[in-house]
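Look for chain A in each of the two complexes below; its partner is chain B in the first and chain C in the second.
And now, the complex of A and B:
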């Protein structure tokens, strides 16, 4: 009898549930495919190679920002400053590139400094939240105000253009394939490597049960700080993509993106309470947000209704993401 | 001695001390900052924030990661609704109040239903609702003009009512007394703390947890709606996203008031002090002659510094 009593949770698990448990991002993938199909129905042209590449290069920044957010959410934290880190790195690299003449060397050097800046911001967040033990929501909101101030100091008004070589490369082609394609491949490889590192597991362990993680000997504070460092790093990468896409600096460009990044993480089936999630889900979640606005546009929604329909659709898929994510958890 | 220390550690004492300190600093930096008229002006602004924070406060007290990110959207929406219903005529004030309260309660109800029936985390549900509200604002603004505040409403918010103090400040004080009474003296208030500190125990003790939680979000929506109405009176006419700033500042006011984001601990009196503190800080920064960039950096850094005085998490212990 006891054996039967202990095993039914496994017995009852159907094929779908096992599949969901192994690939928790499947619901997000399904939503993306449905949205792609809808796009195709309303405007067959939108599924062309060219349009899809355009969609990807527009939403690559949000994808990266959502991935940045995922690593802190893994540990049960949140980063409301991710968008302002993106803005800060965006204006910093644009101003540096311009000052240094806009050659290839200047671009690369500016990008390196941009990465360091992202890491520095992540470190500040990590210290404030994990080491000083302030509440993540309010503390990262405070740092976001600070980072925005810094971005405004570097570039008070939007408009400084990025060097031609930079945005031509981002929007252009390499060996016959669009450049964003290489970014995507590079990103997938990077994510695959990261997901196999100890850090990803440790972040999830901390998010699942901080006390238990501490008692097994994990350096909880250091791990949470590393989560914020990863977040800063990916926010900087997101800034590179937005700079490539908009070809200019704007100290407020990322402000609206923070909450979208949180939404994308939830859409991807990750739990905001931490301990459960996938970066692939967040990638698909960010694509979902992009595809929703494109479907709303192609459906011929009157322009004043577009934001409302988009907001409603995002709310619905958010709920779906939460419900599916809960179903998937072991 | 330890009694004195524990008295000094109380969040409301900290907040009041910081208020006095900031007023003093403000007076040093620009003479006249701490004058009676100027303090009344700051209190008007603080009461707008404080009214939003009242709703945020009960939602946070209710626990289970309770938070309402949609308040900013409700404030904006309510300001537009009020402007259109009254449209510059005093006769329209009562219908406007009714319309705003209904709208606020409606969106609070939707939040509450999603959070209790579908068990969507409050952060996610209210974030999604914020997106819907922002979309709705665009729709409304495209269709109709923004409308005007009724003269009586503007007088209520900006002109002295009794003893030289504007009506909105009296309203805020009344809300403060009502909130303190509700939280400390009524079954409803005790139940808020109960579900906030241990939801399961509260459920076992017969507290209708789901109904309570829905009620809390409806209260939050209604307070945000009242604030939107008063904001219209303050600015005369509503403009796009007037309420946006209240979403996160209302949370900070609650935190500065000593209410724990984990729920079940805190109260509204502290939040009132927290809202005033936040507004004084912003007031000082606008009088100081520095760039917008410097102002933001100082504001962010000061917020972090002030947070050090409040509810830091506990250190990990084996």
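And now, the complex of A and C:
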């Protein structure tokens, strides 16, 4: 028997609510536009084609990492090792490219191995969390230490440079357009394809109510593992971008990016409890974080206060997003 | 030919036997009704068939072949579909996605075939055309729907399994007449097509309308299977209740009605709120007032509202002769109101902390203690625990080291250091063993004798009949009947609870 409710608790769907339900990332988009405008106010130059390209190539890694995080958050899980996977793949491909001479073939082979490495890390996380049923937050924290350990073994000290061909391509142009634009377009297409897969719906159903999904007959363990596999894959892609941006290997580069990726997911309107969210939102969330640092910089904040102001700004944006998102969530 | 046969299936959760011996045989083309009181094991039996609970013992045969069901997926593969009483819906997914969730139509094995999904869902949505209510559409999010509409989605989801055997575990509890009628038409159609259907409902009229045969379960055991057209409601209820059905609940010391000469401990007038409406009653000092009825008819909601943990929209509450409108449990506690919930994990136990800390929080609150010495506290804690015969190694062991029954004794002991005036018991014996229950009720009676006003809601009718001076039977959020003196029989209690809502 269900509890009897004398007063109906459901709400009528209004226009704004329907819009937010269909496009939950709208608040994040609005925030990005506001931040862009603020950037323009403080430094008109920051809206130039070149600066925006620079912003995109700097934050492409965080965008990919936030998307990686989104797929596990879909299912109500979390991956605190995403940043460490990024570091591990970063040092692995840099070392491999150097060993193999830094030619185009070597680069492509190293990238393929990097993808496999990311998938392997995702598999480890998936097995530990979904199959062994350990708490995701602690288990992936532990694997993050483990992955960092591997990265430090491969490259104990930061600094090995990436081959010129690699970072020149990443930072350069192709047919007159910056290379990162192609990455962005490719990414959008990939996300559109992924959002139509059965896996995306299944991940969201598992995150919505794991028990219900199990009773429905979904293979919950396998679905959660696949979520972690996707996370590992996108973390590896993020590693490629960070390698292109910094042009070197650093075994600790991703450590502090993990929580930024979680923040980006939340800023993008996804629920950390699972079952509700969009990858586009996370993309915008990562951009928000990038734009906040840029605004803080262009405002002329003294360097010792930049962290303080940045943290405050993220809190404010988070609050704005929560207020808007609360209306959208059923 | 029998579609499904269960032989001696049992399931225990720790020390509690949820199902002792379940036998069941369902034929093709019949609606087989399962009947039994709260906690008799019906739902456990259904979950075993559907694979979400693994049986400890027993045999399951489908089409006369023994099978092992390892999980919900395997049950589906064996041709079993189920409507879950607590629903198995994803609130943030659309109606059509929920209907097809178990087997999303695929293109290239990887992508959701949206067109096929829409088509398939539309077939089942069309079955309830005209009765599904305002705001119900294929792309509406399930979380935005009314409770009855959600129940319809779960029905559609069960139907979409197209399984030869479908279980409906209380599918009609939130539906209105028209929806039930439509649902029964669909069931009759399924019957004609040779499907087997297991049906659970607490409404006698529905069971007569749709059922072919009925299997009665009592205390986790299958009692018998009857043809419904050869029997009547009275017989069925008597079988559910057991041999003692007609006799008054004259256990050794069934309490007599208390006359309110000492004045009322708690008065409730025309109280309405979320989950209950227009409830009025009075509890005299020294009286144990029982709340009966089926699960979730507003009993818990009312108790929590009195304790300040739920919402009250209209009406008034008095403790003694003073107006008492607790704004929070903190306020209620200060003014002498106590609440013990059967859901210890959520409402009682401070998990992982020592026993002494679990006994003293109320004392801290009522005496506004800031700093306390364990040795002094021990003198207050020990008698409270002893009066309940609580077994524990030391006061400083974590509460989780105790059994469920002893944990509940610790929770009750916390109210005994500073005596409250009113004690609200919200199904306090859920999941505790028999001897702990006996200790608990001995104490409750003693407290009543000392002049406390006590309200006891229990999902076990025997507890009500054995301890309550009066029983209010709840149905649909309000009191449908009051049982006093010799009226307090199992038969009357069931009848009042099972009357068509």
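By our rule, the second predicted complex is superposed on the first by the 316 of 330 C-alpha atoms of A that agree within 3 Å, B and C clash if a C-alpha of one lies under 4 Å from a C-alpha of the other, contacts with A are read in each partner's own complex, and residues count from 1 in each chain.
Everything below uses one rule, namely that contacts are C-beta pairs under 8 Å (C-beta built on N, C-alpha and C of every residue); 3 or more make two chains touch, one makes a residue touch a chain.
Worth saying up front: this structure is predicted, and the values here are computed from it rather than measured.
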Chain B versus chain C as contact partner of A:299, first or second or both or neither: neither
Touching partner for A:308 - first (chain B), second (chain C), both, neither: first
Dominant contact partner of chain A by residue count, chain C or chain B: B
Which superposed partner A:21 touches (first chain B, second chain C, both, neither): second
Partner chain(s) touched by A:215 [first = chain B, second = chain C, both, neither]: both
Partner chain in contact with A:165 - chain B first, chain C second, else both or neither: neither
First (chain B), second (chain C), both or neither touched by A:196: second
First, second, both or neither for A:204, with chain B first and chain C second: second
First (chain B), second (chain C), both or neither touched by A:132: first
Chain C-contacting residues of chain A that also contact chain B: 211, 214-215
Residues of chain C defined as touching chain A within the complex: 50, 52, 71-73, 75-76, 82, 84-85, 87-93, 97, 101-102, 104, 106, 110-112, 114, 135, 141, 143-147, 151, 157, 170, 173-174, 202, 272-277, 294-298, 301, 313, 476-477
Complex interface listing, chain A residues touching chain B: 80, 128, 132-135, 137-139, 141-153, 156, 210-211, 214-215, 220-221, 259, 262-263, 266, 272-273, 303-312, 314-315, 318-319, 322-323, 326
Residues of chain A defined as touching chain C within the complex: 1-13, 21, 196-199, 201-202, 204-205, 208-209, 211-219, 275-276, 330
Residue ranges of chain B in contact with chain A within the complex: 65, 67, 69, 114, 118-121, 123-125, 127-136, 138-139, 142-143, 248, 251-252, 255, 261, 291-301, 303-304, 307-308, 311-316, 318
